[in-house]
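Every chain is named by a letter (A, B and C) in the order it is written, and numbering of its residues begins at 1.
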Amino acid sequence: MKTHLLTYATFLAALICIFPSLLQAQNSSIGSQVNGNFQMDAQYYRVDSAIGALPVPEKMQMNSWTNITYTSGDFNAGLRYETYLNPVNGYDPRYKGTGIPYWFVDYKTGKFQITAGHIYEQFGGGAIFRTYEEHNLGYDNALNGIRVKFTPAKGVELKGIYGTQRYFWDKGPGIVRGADADFNLKDWIPSLENSKLRVRIGGSFVSKYQADEEIYNSSQEKLMLPLNVAAGAGRIDLGYGNFGLNAEYAQKINDPNATNNFIYKKGESLLLTATYNQKGLGIILQAKRLDNMGFKSKRTETGNVLDIGYLPAITKQQTYTLAAVYPYATQPNNEMGMEAQVNYKIAKNTFLGGKYGTDIAVNFSAINSIVKELVNDTTLLDESGTLGYKSPFFKVGDTKYFRDFNIEIGHKFTKSFKLLFTYMYEEYNTAIIEGHIDDTVLVHANILVAEMTYKLSPEKALRLETQALLTQQDEGNWVMALLEYTVAPKWFVSVADQWNCGNEDTEKRFHYPLAAVAYNNDANRIQLSYGKQREGIVCVGGVCRNVPASNGFTLTITTSF
Amino acid sequence: MIKITILKSILIIAASVLVLASCDKIDAPYIVPNTDPIEPEDTAACPVPKFPAVTAHYKRALIEDYTGHTCVNCPRAALITHDLKDKYQDSLVVVAVHAGFYAKPSTSDSVWAYDFRTPAGTEWDNFFKVGAVGNPNGMVSRKGYPNNQQVLSPPSWANAVKNTVSEAPLMDLQLITEYDSAKDKLCIHSKISFLQAFTERTLKISVIITEDSIIQAQKNNDVTVGTTPSILNYVHTHVMRGAVNGIWGTPVLLIPENSSFAPVVTTFQTHFTNFNLNTMVPKNCHVIAFVFDAETKEVLQVAEVQVVE
Amino acid sequence: MKTFRFFLINALLSAAFSAMSQKLILPDVKIYTLEGSTASASSIDAKNSTTVLFFWNADDNRSIEQLRLLNEEYENQIFSGKVKIVGICTNYSCTMQSIRPLVSGLAIGFDVFIDRNNDLKRAMNIPVLPYTMIIDHALDVHRYSGYCNNIVGTIMDLNNNGMANISDKR
């Protein structure tokens, strides 16, 4: 701990010494700049035993982030101050505290770029390495260490990283090392320069080291753990005119960990994407297979922290409230799926397009399990301390995780009236995605959303959202309406109500009203809302937590400069 | 323009109200009896027995497994505690604390209607934020609380137990119980013998009762543990049934540290009735006592005995 | 330790205040074209016309709606020649490849770049999405956080009257 503080102090001292000279350089031709942002979310809670909003001893809870970045020519430094006193409802309680968990210095010299401190980086699609931060989701797996980027020639980039990852206010126990190479052949091969063909290839390698520890298989047996776990990935991006094809394959050697029940099978992932694009029409087809790819820099970790790799969702992210009631969460160890999406614009001044054109988006996704077969007759499926299972690569498993078919039509009828209509059919496996099992494992839901915007004047607009979620399972039917009045660019007022009108238990047919007012002044925004938030469940890596319902005020301030 | 200013003021006032509203107005009476039940030593009801001399001094670890009957991933965690208990025997004490969302009894389905929650377990879960991190999770001797690192995932319990039992014990803790089945009365006697010099700190002792061999349904998603999605005749073990001396125990009377070290011995006794009322089976029950630092909450020593030998 | 931190924050804050009235300098951060080629954000030319940098997220309705609104007016030629729009799609959860078909399907007429892993968003400290930066002829910057139903009016006002005028009106 002492040495840790010392390095920290030395770093800060160095920064302070550098700063005045850098500030003086501000008037010079290279130019320097400081920018930053600030966000605060404060919630005041009231007890509401009906919906399950428990008393909060602090009454108020608050999260806040402040970023400051300084840039001067090829030099770059920044930090983020965070405070959670205490973390607002829904955040991991281990964030409680105040401090500077993120800082970095970065400079470019010739073909090199060096970064020291906390690093956000992604290799290719991120399958074996991605560090990122999404504070509204309470996620940050920044790498604390160094990064070197080397660009020997145009179209070639080599990257190396070395460090440990953020674990709330601490660091994870595993050391992560990795390298990535990326080649854009267009910049390399002269004959490709004016051709319609685009080729980009890349490869990466990541290794994690974690010291040995005692993991018992039974009271008499303990596991022989690999201290170094390596993963490799290769990718290719092909394009020809309007067509695009992309593939990324990754493999990881034996990595017994808490999310896979300590099995020794290797992990594999594949993501294939094909696209077609022309103005007014975009088509995408994606297929994905994930097999035992949970990769964290701490063996015993089960929570939403310390991920080394990132496995993107191929299902459509829904933002309408009721459409997002059953959101799919990627299952890194066991999933096979596909997605198809077509975006089409019916041109304006046509029969269907009308005066302003019509936007249509159709999306379908299906996610199942992979097939798991017994390794031998004496081993159970997923038994710890064994190879766990065998899985034929191209076979799709029987367990249905998720289905989503949705169609979205947007049409502007007149200069001042616009309608956006969404229909969605969804099947959602609560057992797999939420980790709780009821008699009905699969929720079937139909969701309808109509959004109408009426422009009263160039500045003033009225927006009405009506939504319905129809299902026989879980909590039954929900309806929602939202009315919003904006006076651009400064004022915004909205009222909404969600009603669980179809709950089988008639005493649980609650209303969840929400009212908000916001004032916007350039990049500064202050929003005050009052309302009730429904209870939710978050499951990651075999650990589930309940986000209690809440009833109260929320004050949000965001600024940036 | 004036309108905007008014609206702006309203927003600022509303924001201030939000801050000002975060206060607790306390009305008289300002002094209430301390709820920590410091019972007078009723030596007549429970005569103090003679404790055997302590021969082997070693530190024992306490695993608190926060769990619930509707938590599908919890049976696997329970299995880990069984393996550890087999390995460490008397050096390890296990408590299954049913608390939080997944321990809530179902109002609609009678299979899931039973309730293992206890006021103390619920309070601990809220205080240590175990359920807020997620189930299954737990603590080993409540270590790490001052740094907000007390919540440990089940696979990491083994290492934490190994480290804890290898520490030098600050004290020894002995427990003697006498159960009178006719009166359904249990006398619990504990004795703390300090083994090394220590800087002055506030210590407390908590006494709880756990019960084994309760057969009730448990949700499960692990085929290596049992049937899925439910094990209808699941054998629950180490189920915490209640705290005998309050949620946060009672203070251990301490003589301030002397310059020349002499072991300080302190005894504590309590009694507990109502086994039948609480539908517990005495022969399946254990009494667990643990001494902890009132500030850091770290459990320094723990002991466990059966209610009926 | 604490004093060090205090000094650092002080230094940063004083730097911040001295730089309040700064001209925009786009950072040298790598961004991707929809076809997958790379470019530097610093190469976006904001000098020759009023330039709008529009940051959006492909997973968010309000972002897409704002994108549509900008595109409508762009197509209607209100902006033609006077205003340059550059869309920057920050990809958080979707794959990078899924952005191009979306942009094609919406028939977006202006340039869209992909900000992989939010590198540019972070370098420019964009707090929320959608986020609009309007850079006038003098390279002064006007910012707007969140969705704005009159974004076009705001841009045109700025283009026609300049930054000073807008400030007075406020």
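Here is the rule we use: a residue touches a chain if its C-beta (ideal position, glycine included) is under 8 Å from a C-beta of that chain, and two chains touch if they have at least 3 such contacts.
In this text, all values refer to a predicted model and were calculated from it rather than measured experimentally.
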item: Longest centre-to-centre distance from chain A, chain (CA-based); value: B
item: Closest chain to the centre of mass proxy, which here is the mean CA position; value: A
item: Length of the line joining the C-alpha centres of chain A and chain C, rounded to whole Å; value: 21
item: Between chain B and chain C, centroid-to-centroid distance (C-alpha), Å; value: 54
item: Mean-CA-position distance for chain B and chain A (Å); value: 37
item: Chain A-facing residues of chain C, complex; value: 1, 4-5, 7-9, 11-16, 18-20, 22-25, 27-28, 34-38, 59-62, 65, 68, 72, 92-98, 100-107, 116-119, 122-128, 131, 142-146, 148-151, 153-154, 170
item: Chain A residues touching chain B - in the complex, by the definition given at the top; value: 42, 44, 58-60, 92-94, 96-97, 168-170, 213-220, 258, 261-262, 299-303, 380-384, 431, 435-437, 441, 490-491, 505, 517, 519, 526, 528, 537-540, 542-546, 548, 553, 555
item: Complex contacts: residues of chain A adjacent to chain C; value: 5, 8-9, 12-13, 15-16, 19-20, 23, 26, 31-39, 67-71, 74, 76, 79, 81, 100, 108, 120-122, 125-126, 130, 132-134, 184, 186, 198, 200, 237, 239, 244, 246, 271, 273, 275-284, 286, 312-314, 317, 319-320, 341-345, 356-357, 359, 361, 410, 412, 420, 453, 455, 458-459, 461, 486, 488-489, 518, 520-525, 558-561
item: Complex interface listing, chain B residues touching chain A; value: 4, 7-8, 11, 14-15, 18-19, 21-24, 70-73, 76, 80, 82-87, 100-102, 107-108, 129, 131-137, 147-149, 151-156, 158-159, 162, 219, 221-224, 228-230
